[in-house]
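Here subunit A shows up in two complexes: once beside subunit B, once beside subunit C.
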Partner chain A sequence: MSWTRKILRVNLSKGSCTPEPLNMEWAMEYLGQRGLASKYLSEEVDPTCDALGPDNKLIMATGPLTGTSASTAGRYSVICKSPLTGAIAASNSGGFFGPEMKFAGWDMIIFEGKSEKPVYLLIQDDQVELRSAEDIWGKSAWETDDILHATHQDPQMRIAIIGRTAEAGCLYAGIINDRHRAAGRSGVGTVMASKNLKAVAIRGTGGIGNLEDADKFFEAVDAGKKVLADGAVTGQGLPTYGTQVLMNVINGVGGLPAHNMRDVGFDGAGDISAEAMAEPRKSDGKPNLVTGAGCFACTIACGRISTIDKTHFSVKDKPQYHGASGGLEYEAAWALGADTGVSDLDALTYVNFLCNEDGFDPISFGATVAAAMEMFQDGDLTTKDTGGIELKFGSAEALVAITELLVTGEGFAKDLGMGSKRLCDKYKRPELSMTVKSQEFPAYDPRGIQGMGLGYATSNRGACHLRGYTVASEVLGIPVKTEMNDAEGKPELVKAFQDATALVDSAGLCIFTTFAWGMDDIAPQIDAACEGDWSVEGCLEVGERIWNMERIFNQAAGFTADDDKLPKRMLKEAIKSGPTKGQVSRLGEMLPKYYEIRGWNPKGEVTAETRERLSL
Partner chain B sequence: MKMYIEFYASLMKYLPPGNARFRREIKVEDSLKLSRLIARYHILPEEAHLVLVNGLYVYAEAREGRELQEGDVVSIWPPVAGG
Partner chain C sequence: MQKSLHIDPGKCTGCLQCEMACSYDNTGTFNPSRSYIKVFTFHDEGRFAPYTCTQCDEAWCMHACPVDAISVDLATGAKIISDDKCVGCKVCTIACPFGTVNYSQATGKVVKCDLCGGDPECAKACPTGAITYIDADWTGYDRMMASAAKSLPSAEATH
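Moving on to the complex of A and B:
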C-alpha cells in the first residue's frame, strides 16, 4: 500500500481517538513520514511551545513505501518539538513497527494533549482504544514488551515503547520497538512520557494494495534490489560487518574523536571494532557477534545480534543479560567507547543492551558521560556529585555503574539526564559541551572531516550525522571521493546530501540504501507506488522543501544564525596528532556560501523568494 | 627496508601469519611501488577500495606511481560503509 490516506488523531486529554483523511495536497508536496509529519507539526503546533507541555504534539508517521516490498521499506519516524534542543525533532526507526501501522490501515498517528493517567494505545486494524498503563508505568521497555505481548496473546503484535529513563525525564530518551530498534535521538521518548503515553501496540491484518502502478512498482523494486545486491557495500560490506566496520576506518583516517573530543585517534579502537566483534572470546571461544539481522523487507541487513561473555563483571550475576540481543552499532560503540576512553567490548555491549532495554540514546548518553569524565578529571565534579563513582576516562566499571544509575533516575542521574549542554552549564564548564543546538555530536570529528562540521552546525535537529552523511564522499568515496580537509565544494556537498536524505526519510526507506542507490534508483520506486509526479527533479525539490520547512519551524522557535555554530574546541584547538594533525574546523569559510546556495540571507533566514520558489 | 601493512575486514585473510590483529611488520625492497605491494598480497584492485599511506588516502590512479618509504604504514579496506 502506498498511502492508506487515513490518519488517527488521538487526543490524550479527552481520551478520544478519531480517524481523519490524510491531507493529500500536503502529501503531494511533502511525500510522507518525516516531511509530511513535519508539515502537520508546523501547521498545528506553536514552535515556541513548551516541548514537554500538552501543546506539543507527537506524531508517529510512515512513508508511502513503508510496508511495501521495496528493500528497507520498514521505516517510520517520530516527529515533535524536541525537549533536548527546542528545535524540530524527527527520529527514524526500522524494525517492523512502521509496516504494522500501515497493515492496520494508518499512515500516521497524531497524539495531542496529555493523559491524566498512564495509558497505552491499542490498535487492531480499525479498532482503536486507549487502555490503562498504570501497571506497566515504571517498567522497562523490554518488560513492557513482554507484558503487552502476553496480555494480548499475540506474538505478532508490534509495539513502540518508552522505558524508565523517559519517565524519569531524561532529555534524550527514545522510543524502542522490536526490542532493539529505536527512534533514538532528540528526546522523542521524553515527549511521549510527558503525555503519559507508555506504548503503542499495533496489529494489522491488511495487505498490500493501492499501488499506483503495481507492475511498474515491482519492476522498479526488483531493479533496486539488484543494485543493492551488486553494490560492494550494500551487498557485502554492511551485511558482513555492520556499521561497526567504520571504527578502524575513521580512526585510520584521523577522524575518530576520543575523550570528549579532546583527542582525535583512539588506541582502543581495534578492540571495539567489527573485526573484534567477530573474534572468538578467550573465555568461551564464542564471538561477541552471533548473527546479522535485518529490518522489515531489508535486503542489506546491517543489524548486529550479540552476546556478552557470561563471566564478564558487568553480567556475571545477571543471567537476564546472558542471551543474544541487539549489538553495537558504530555510533553507539564510539560514544560509549572511544569518547569515554573505554575499550572493553563486553562492557560496551552490556551498556548498549541497557540503552535498548530502557530506551535512551547511546550517542547523547555516551557523549554526556564523556563530558562528565572530563569535568571529573579537571576536578569540577567529584565523587560527592557522582554518588561515589570514580568517573575516570577509560574506566569500564565507572561506565557500567553510571549507566545503571541513569536507569534509576536517582541522584546524579538527574544531572546526566539533562544532556551534555545543561550538565556543563550547571558545573560552569560550558566550553566542554560538544553539542550543536544542545544535541551531542556523533562519531566524526568536524576538524578532520570538514563537511561534517558544516553538516552538524546546520542540522535542523542539532548535531547529527544522519541529516547529511558527507562521510560517504569525504572518507568512503561514495559516490565520488572528496578531500576530507577541503572546505571548498563542501557547502554544495552538504546541501545535496541534506536534501536527498530528507526525501529518503520521507519515503519509508532506509538511508543506508544510498550507499548504492542514487535518486535514479529511488524516484522510480516512489513514482510507481504513488500518484503524482515523482521524477528525480521532483523528489529533490521535495527534499529541499522539507529542509527549508524545518528551518522555518526552528526560526519561529527562536533559532538564529548564532545557533549554527560549533564548540570553540572544534574551531580553535587543533588536532594534536595523527594524519589530520594541525587541523581545525573551517566552518567560517563554508557557512556564508552554504546560506547563499540555500537561498537564505546572510543571517541564515529563509528569504521570501526561496519560500515562493519552494511553495512554502 | 622495514615497513608495515594493515589489512582490515575481509582483507584480514591476506595477512601473513602473525599475532597482531591487523598489522604486520614486513621487509621489502627499496622504492617498492604501492600497487606492487597490493598485488603481492593477492589483493585485487577492486578489493583495495580504501588505501591509506600513513593515514592519508591514495587515489586508485596514484597507486602505481607511489613509491613507499621506510617506516610507512599501508592500510587497506575493501568497500565498506556505516553510519
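Moving on to the complex of A and C:
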C-alpha cells in the first residue's frame, strides 16, 4: 500500500483536528501528493473563492513513496488556490518534513477555515493539537524553528514554518522546512499566514512498513539507484555542482535571460556559477561551497551548503550569518543575480539566506526586483518610491538593501511584495512584467528555448520550469535531443513532459530523477510499493488526468486561452546578441497544436470527450 | 577475520538511507526513529556525521549489564542484546562512553548495532561510501594514507 490511508482535517475556525480515512478510490486515480491533494481541493474548494479568505483550503500532502527508501522519496507538496495567480498552486519541497508526516501516520493534512489567533499544529504520531503561536508570530522561520525545537526538547522534530514576509502579506511567500527547503512558489505561505497558522511541527515514530511487494520493491529501487548513479547529470553533474551546473551551460547556449529579460546572456554568469562557488575566496582562502547535501532518501544530493565571506559588506556586522546554510541553486542565482545584473556571489548567497530565513520565493522576488530596476532606470520609479534605495541594475548594495526592506514589510516592501505583475501595473508599465498568470518567469529564455515558452504559457500554476522541464531535451539531450529553436514537435514534447512530471510530483519522488529515469524506471517502484496497477501506461494516464483536472479548476476560476500568453517582449523583441540572436518566441505556432493534442477545443477548453476519456 | 564499520563523515550527504536500511532490517519499517545508526546534522558547520556502536573489545555496556544480557557474537565481534534477558534498566546506556546503546520505549529494552550478523545493511545502503565495512585492522589507514600524501614533496619542488 505505502499510503497510511489516513488524513488529518484541521478546522482552524473551530479549532478541531479530525482524522478521516483517505479516499482510496481517488488515490487509485490520482496517486498522491500533487494529484490527490488537487483532487481534494477541486472537490472541496470553490475555484472562484478569495485565495486569502477562509474558504480557501491549504493541503499538505505526501506521496505513497514518501518516506520509503526509493531514491529521492522525501517530497511533500502544498496545494491551495494561489493568491499570486488566482490559479491552482502546488508547491513541492524536499528535506525531511514530508517523511515525518508519513512516519506519524498521515498521508495529508487539510487545513480549512481561519484561526482567530495565531496557532501552530503539533503532531506526535496520532496525538495532534493546535497550540498558541502568539509568542512566535512575528518571528523569522529560523527563529521559530529554534524556539519550537527548544520548547519540545526534540532535536528530531521536523517543522514547516512561515516567515515574516508571509505574515506581511507578500504574495510570493513560501513555507520553509528544515531551515532551507521550501515549498516556494505561488504564495502558498501567504495562504498559510491568512489562516493564522504559523507552523506545523511533527514527530513520527511509527514508520512505513506496508509495502505491497517488498522483494519487488527493493529490486526496483536498487535498479533505480544504479541508473541515477550511472547517469551523467544525476551521478556527476548534480552531485558535484548542484543545479548551478546549469549557469555556464545555459549562458553558453544563449538561453540565460538578464536584466529583466531585456538581454540574453550575462557577462557575470561565470562569477555566480557552480564553478565560482567551488573556488577558494581571495579573502579567507575558503570556497563558498562547504558541502553538497541530500534531502531525505536522495542519492543525488544536489543541495548546496554555503558560507559567506565574513568580511563581505552584507554580513560584516551580522555574526548570525557567518555559519553555513543553504546555498544558491540555479534558479535563485539567476533571478537574484543575472536578472538583476548582480554578479557578487557573496551578496547573492546572503540574499538567498534571507529568502530561507523569512520564507519567500527567490525567483519571484528576484524577478520583481529586476522589473523594478528597469522601471527605476526608465524613471518610472525614483528613490522617493524606493525609500532612498538607488535601485540600479548590477548594484549588489541595492539588492541587499531592498531584500532587507522586504523582510520588514514596510514602505516600498508593500509594492515589491505584490509581485512583478501588480508592481508594473501600479507604475503603469505592465509590459515590463515578465510573468504568465502573474507568476514570474524562471531562468530560461522562451525566445532561446522554444519549448519552455510554450511550457510557461500553459503551466497550470503560472510561469514555471518545474511543470515540464523541456530544457532536458532541448539543451541536455535527455531523453533525446531536440533543437532549441524548433517550434515543430514542441507541443508534443511539452505535453509529454507535463504529464510525466504531474505523475512524479504525485508519487513522493523528486523531478530531478528524470534526468536519468524514464517512466520505465519509475512505474515499477510505484507498482511494487502500492496496491493497484501502476503500469507505465497507467502512470502516464494518471499524469494526464492530473494536468487536465488542474486546467478545469483554473477554467472554473475564470482563466481562458487569453491567459496562455507570454509578455510582448518575448514575442516581439528579438534576442540582441549571442548564439540565439534574432530569435523570438513562436508561441503562436505552437499553441493551437498543443490544444489539439491535449484534446481541448481551439479556445483551450477541456472538451467533453477528453473529460470522458480521462474519467474527469 | 574481524571486520568493522568504518565511517567517513566527509562523504556523508545526510540522506538517511542508512537509517532506513537499519530500521527496515530491525523492525520491517522505514523508520529513522528506530535506527541503530544515526546521522547527525551540524547545521552551522555544514557537516553530517553518521555514528553508531564501534563494538569495543572490552565493552563498557557488556561489563555494566547486571543481568548479562549483552554477549559477544563470536562470528562478528558484535555486542548483542538478548531481549529475553534485558530488563530495561538502562545501566549500559550510562556506561557507554559514546552513547551508542540506547533505550527504546517501543520495546522496553535497550537497542544497539549488531552488525546485522556480519553484513551491515547501512554500509550496503550508503550511496556515497561514507559507511563501509572493512577489515578491522585497516581502520584509520585511509586517513594515514591521506596524511602520507600530504608529506610528499610537491611536484614543483621535485622538478
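In this section, the second predicted complex is superposed on the first by the 615 of 616 C-alpha atoms of A that agree within 3 Å, B and C clash if a C-alpha of one lies under 4 Å from a C-alpha of the other, contacts with A are read in each partner's own complex, and residues count from 1 in each chain.
As a convention for this text, a residue touches a chain if its C-beta (ideal position, glycine included) is under 8 Å from a C-beta of that chain, and two chains touch if they have at least 3 such contacts.
Since we're looking at a predicted model, the values are computed, not measured.
Of the two partner chains placed around the shared chain by superposition, subunit C is the only one that A:R179 touches, whereas subunit B remains out of contact. Applying the stated contact rule after C-alpha superposition, one finds that A:V253 touches subunit B and leaves subunit C untouched. With both structures placed on the common chain, the touch criterion links A:S69 to subunit C but leaves subunit B unconnected. Contacts of A:T299 after superposition on the shared chain: subunit C is touched, whereas subunit B is not. Judged by the touch definition given at the top, the superposed model places A:G206 against subunit C, while subunit B stays out of reach. Comparing subunit B with subunit C, more residues of subunit A are touched by B.
By the touch criterion stated above, A:S433 is placed in contact with neither subunit B nor subunit C. By the touch criterion stated above, A:G477 is placed in contact with subunit B alone, subunit C being left untouched.
Overlap of the subunit B and subunit C interfaces on subunit A comprises no residues. Interface of subunit A with subunit C (complex): residues 67-69, 71, 96, 99, 103, 156, 179, 204-209, 225, 229, 290-299, 301, 303, 305-307, 323-325. Those residues of subunit A that touch subunit B in the shared complex are 231-233, 236-238, 240-246, 248-249, 252-254, 270, 274-276, 279, 302, 329-331, 465-466, 469, 471-472, 475-478, 481, 484, 511-512, 515, 578-580. For subunit B in complex with subunit A, the residues that touch the partner chain are 6, 8-10, 12, 21-22, 46, 49-50, 52, 54-57, 59, 75, 77-83.
Residues of subunit C that touch subunit A in their complex: 13-17, 20-21, 23-24, 27-34, 43-48, 106, 125, 127-128.
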